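The structure under discussion is supplied below as structure tokens; questions concerning it will follow.
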Amino acid sequence: MESDRERAIFEAGIKLGALYHQWVGTPISRESAASIETAIEKAVILQPFVEEITVRLDSSLMNENRFGYSELAGLMFDVEIVTRVGFSYCRARLAPERGYPFMRIEEYHEIPGIPRH
Amino acid sequence: MESDRERAIFEAGIKLGALYHQWVGTPISRESAASIETAIEKAVILQPFVEEITVRLDSSLMNENRFGYSELAGLMFDVEIVTRVGFSYCRARLAPERGYPFMRIEEYHEIPGIPRH
Amino acid sequence: MESDRERAIFEAGIKLGALYHQWVGTPISRESAASIETAIEKAVILQPFVEEITVRLDSSLMNENRFGYSELAGLMFDVEIVTRVGFSYCRARLAPERGYPFMRIEEYHEIPGIPRH
Amino acid sequence: MESDRERAIFEAGIKLGALYHQWVGTPISRESAASIETAIEKAVILQPFVEEITVRLDSSLMNENRFGYSELAGLMFDVEIVTRVGFSYCRARLAPERGYPFMRIEEYHEIPGIPRH
């Protein structure tokens, strides 16, 4: 019923919502952050319709509690994802915006199909 | 940049992806299922752009392990959500489809704005 | 190998660690808090070795973000659990202590077995 | 109130319960499994009282769904953890036992303190 573009947008939303709740709360430190970034990327890229995923976690927010570590919090995420359905692509992002971990559509575009003769 | 319709679709995806990963794995039984359904509904309805949410968990799949309980699994979910952005609504669903917990857009529609004189 | 007392202590730890990571991050408000408390209690009581569970969530910390809701945070939990293995009981607690969501053993005791003639 | 040994046992339970619920449900494949194992180890070792942690995920259970990936399930875990409180160590394990992801204490021991003259 929906267009490929709309489906790509829907899928981008699903993936961002899912990864947020899957990973928030994970114990993390500046030393382990790169390993968690890689693990998130490798988990998300497996899923259908995902073309690209880049995860950066803001280590400046990883302040140690009195036991010497931090927990992955929503505001640490800077995630960019590209989903594709048919010839439609959607690029979306999870990043802090005015103190809130915000998800937004960055752009989408269609690749023109090859005309058939 | 995106239209209200597209934003409503994006938000529906976010909410379904998030609730799946927030709640899957919760210990559950036929007796406690109604309480978990209510808790999920009350948690999701709080979030921005959510107009309606209905959660049904398939108790026929809640087979007891040898300790007498089950865990909330993806295939148990039957969730319908309505998101709204401006005058655009999106109704989406998480439900089993051929053995997989599937998320799909069910419909969307626009309410015509009130003409101003 | 371990004593019943030690097994009861181990089980109390498992349950507190599990519930913390299962539920932290759930959208919550002062209005929905009671529903979430009940759902957690009903989920935890299903598990083996759990005799009692009481969950209180500190609504004074449920400050609304700019979308009008909050997320269940570690410091909101005040949970008391009683586990039993054989005739040994362990009462443990998850509650804030000096700014950290802390889990501790509160007490344990044995009920003397009935002598056999 | 409790002994160091009991506290080490309690902490082992907390860590195993927490990691189970933090990670179960993560999208995974045979190719990405090593990356997830490392991420879990690096997250858990940060926490207080954890001396050692080894995570093996059973890739023979990572059967692809119709979208070509799997989700991290309870029965895939083989985790060994060593906690320490004072001079007391506890080694505990999460591994399948008769079809259930089972957590158990494997051993504990005390290192004799250095006598003071």
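Letters are used for the chains, namely A, B, C and D, taken in the order the chains are written, and counting of residues starts over at 1 for each.
The rule is short, and it goes like this: contacts are C-beta pairs under 8 Å (C-beta built on N, C-alpha and C of every residue); 3 or more make two chains touch, one makes a residue touch a chain.
None of the values given here were measured: they were computed from a predicted structure.
**Q** So which has more C-beta pairs touching, B-C or C-D?
**A** Per the contact counts, C-D leads.
**Q** Of all the other chains, whose mean CA position lies farthest from chain A?
**A** Relative to chain A, the chain whose C-alpha centre sits farthest away is C.
**Q** Shared numbers divided by all numbers used: is that above or below half for chain A and chain C, i.e. same or different?
**A** same
**Q** Express in whole angstrom the distance between the two chain centres, defined as the mean CA positions of chain C and chain D.
**A** Distance between chain centres, rounded to whole Å: 20 Å.
**Q** Determine the centre-to-centre distance between chain A and chain C, using the mean Cα coordinates as centres, and give it in whole Å.
**A** Chain centroid spacing, chain A to chain C, equals 32 Å.
**Q** Could you give the separation in Å between the centres of chain B and chain C, each centre being the mean of its C-alpha atoms?
**A** Centre-to-centre distance between chain B and chain C: 27 Å.
**Q** Two-or-more-chain contact residues of chain A, please, as numbers and ranges.
**A** 21-22, 25, 67
**Q** What residues on chain A touch chain D, complex-wise?
**A** 22, 25-29, 31-32, 35-36, 38-39, 42-44, 46-48, 67-69
**Q** Sort out for me which residues of chain C touch chain A in the complex.
**A** Within the complex, chain C touches chain A at residues 21, 24-25, 65-67, 71, 74, 98-100.
**Q** Considering the complex alone, what residue numbers of chain D touch chain C?
**A** 1-2, 5-7, 9-22, 92, 103, 105, 107-108
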